[in-house]
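Next come two complexes, and both contain chain A; in the first it sits with chain B, in the second with chain C.
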Partner chain A sequence: MSAPFYKFGYFNDEFSLVLALVIGIGFGFFLERAGFGSGRKLAAQFYFTDMTVLKVMFTAILTAMLGIYYLSVVGFMELSLVFLNPTYLVPQIVGGLVLGVGFVIGGYCPGTSCVSAATGKIDGMVFLAGILAGIFVFGELFPLLEGFYNSTPMGQITLPKLLGVPYGVIVLAVVLMAVGAFVAAEWGEKKMAARKGV
Partner chain B sequence: MAERAVTTQDPRSGVDERARRTAQPYWNPYLAGVGLGLVLLSAYVIMGRGLGASGAFSTFVSATVAKVAPSHAAANSFYSEYLGDGSSSPFKDWLVFEVIGVFIGGFVSGMLAWRVRRGIEKGPSISNGRRLMFAFIGGGLMGFGAKLARGCTSGQALTGGAVLNVGSWAFMMCVFAGAYAFAYFMRRQWL
Partner chain C sequence: MPFRWSSLSLNRRLALLAIVLGAVAVFAGDPYGGTSTRVSAKELAVIVGSEVDHVSSGELADWIIQGRVDFRLLDLRNEEAFREYHIPQAELVPMEGLLDHGLQRNEKIVLYSDGGIHSAQAWFLLKAKGYNGVYILRGGLEEWKDAVLFPRLAPNATPQEAAQFERKAQVAKFFGGSVQTGNAPEATAQKVEMPKLAAPAPSAAVPSAGGTKKKKEGC
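Up next, the complex of A and B:
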């Protein structure tokens, strides 16, 4: 047996939709467990009072990254069959900045707003309506935006390929960076809590 | 489940039992992060792809536009990408089913921890109306930005981050940069 299972044809498209539902349930469950149904908790990340977003996100990335790396090193998973979203650097930088501003204004990102709405938060539901409006505006402007949208293409490219270093080196670098970020986050939270207490 | 903060005698019968329970604390963030990471890993192992969210909303918007103005949608390459070749419903899509799951999973987790209740998430010094206005504006920017970047925090940052995708890491850094840069102007909403 080899992974990714779908790419090796172990099941058909119909069944992949059932799996999508199951995987989505797991995704929503852990987002809610982390507290990501609360816009206030998410926004606190940007005021350094609660660094949960950073901790959860980087722990999730580390877990998946190390798992994928291990499974490919032992030959169970064929990394070349894994989907890699092609990079278009400048539109992704601009999109990231716009999304970041939207995050602190609205309090959610698309996935977390689903969890927020599902747990009864009115602002999460309104945020969802906003997303639909934003996508509609993007769609209507697409003929004008298409040139920029497709600018600075770099193809399917990973950091190890870009920097010309072995995959494992970048994995190690990400681990070290994340652990450093965790230490800083714990220290920062204590510092902010102490300031509040005074 | 501890029987904390349960008022047994409420004269109004039919009052939501959950509302009188104290919401349980959230999980330790590192534990929740490992759980989230294992879900992402299983998506890669099973499907060869990661998670997503905004893509499902694009399908919804594209299908709605196609319903109202079919020729307009067909002429637009953004919408038509989400509509497929017409051989099957655009909603028969992996991300659409995954996002339906996100709603279910979030609801189940919230129910189990007594956290499902109506409310508006905000700081103490902003009105409900203004908060909802900001929620709509923020959602709009989020939808627009996610399409420009070919994905959101799920489809780019988490999913691409785990496979060391260059564009995803650039995107992730910019999300944090944008949010931190603008946080000052939003402090009255949250603090």
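Up next, the complex of A and C:
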């Protein structure tokens, strides 16, 4: 038995939808428990008063990265079958900026707005309606945007391939970056708290 | 102060564990297990065995009727045969030019040839080169002709079969084919006129079989 189970045909489309539902509920549950149902908490990240978002996200990245890396190294998982988003450099930078601005202004990212709406928060529901409107407008304008959307394609690249560095070295680099970010975040939070106290 | 594991908070222990795992990773090797063009024999065997890499002519016909554009249909025959007849939306790709045809590794690619041999060979080639969504049209163009363009209703068909055949006849009409009658083996040998290539736009009102689900990956 090796992962990814779906790609190896251990279950069918219907069952994959059931699994998606279960995993989705789990994902939403933990986002909510981390406090990400609150736009105030999320926006505080951008003012460096509460670094929870950074810590939770980096923890998730570390866990997933180490898990996938070691499962693949021991042969439990066929990494080449795991979907990799292709890189379109310029459109993705622009898209990232748009998402970031929306995040600061609205207090949510797409996933957390669902969590917030599900917990009954009105701002979350409004944000979600905005997302749907945005998707609709984007879809209608797509013929105009298509050229840009497909520009600067780089294929399914990864840092090890791009830099020509062994995978393990990148894994260690990301771990050190994350742990460094945790230390800096805790230090920064204490500083900000002290400044508030004055 | 001597180092004591028990005096560390859970967060620090986890951070330390991550650093250790990261350091070991430097020496643990490549998660892709060497070169990226490596063929996973097990994966291929599973795919071949479970036949998930096949698309039936009926499914393909539905996709074209629904106007789906999330796949690329490649015709592996020669130019002459392609000019004479090809399935709507198909692109002519000779075997030699397969890898230079600008295919994306995450695209859904459907291959067909006269029978199934060339598409099967092309399938292995693409799979070995890391193309993930490669499919073979089951039975090739032969089956496309028999099942989609010129479907045949057996004289001893049950009413239920006859009712299903009604839809097949509509699909055949959509692709410019026609219904064949009788089940005499000689009838198969009769020369049937291949449809002209000016295929109708995929918007005609043909009932589609319960909208095929589209699977999208990524977030």
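Just so we're on the same page, the second predicted complex is superposed on the first by the 198 of 198 C-alpha atoms of A that agree within 3 Å, B and C clash if a C-alpha of one lies under 4 Å from a C-alpha of the other, contacts with A are read in each partner's own complex, and residues count from 1 in each chain.
Keep this in mind: a residue touches a chain if its C-beta (ideal position, glycine included) is under 8 Å from a C-beta of that chain, and two chains touch if they have at least 3 such contacts.
All of these numbers come straight from a predicted model, not from anything done at the bench.
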item	value
Which superposed partner A:Val174 touches (first chain B, second chain C, both, neither)	both
Partner chain in contact with A:Gly9 - chain B first, chain C second, else both or neither	second
Touched partner set for A:Phe29, first chain B, second chain C, both or neither	first
Which of chain B and chain C A:Val73 touches, first, second, both or neither	second
Touched partner set for A:Phe142, first chain B, second chain C, both or neither	first
Greater chain A contact set [chain C / chain B]	B
Touched partner set for A:Pro91, first chain B, second chain C, both or neither	first
Touching partner for A:Asp123 - first (chain B), second (chain C), both, neither	first
Chain B and chain C contact sites that coincide on chain A, given as residue numbers	7, 62, 68, 79, 81, 83-86, 167, 171, 174, 182
Residues of chain A touching chain C in the complex	2, 7-9, 13, 62, 66, 68-70, 72-73, 75, 78-81, 83-86, 155-156, 166-169, 171-172, 174-176, 178-179, 182
Chain A partner contacts - residues on chain C that touch it in the complex	11, 15, 18-19, 21-33, 36, 38, 40, 42-43, 46-47, 50, 52, 104-106, 130, 132, 213, 215, 217-219
Residue ranges of chain B in contact with chain A within the complex	26-27, 29-30, 32-51, 53-54, 57-58, 60-62, 65, 76-79, 92, 94-110, 113, 115-123, 131-132, 134-183, 186-187, 189-191
Sites on chain A touched by chain B in the complex	3-7, 16-35, 37-41, 43-47, 52, 55-65, 67-68, 71, 77, 79, 81-89, 91-124, 126-140, 142-143, 145-146, 149, 154, 157-160, 162, 167, 170-171, 174, 182
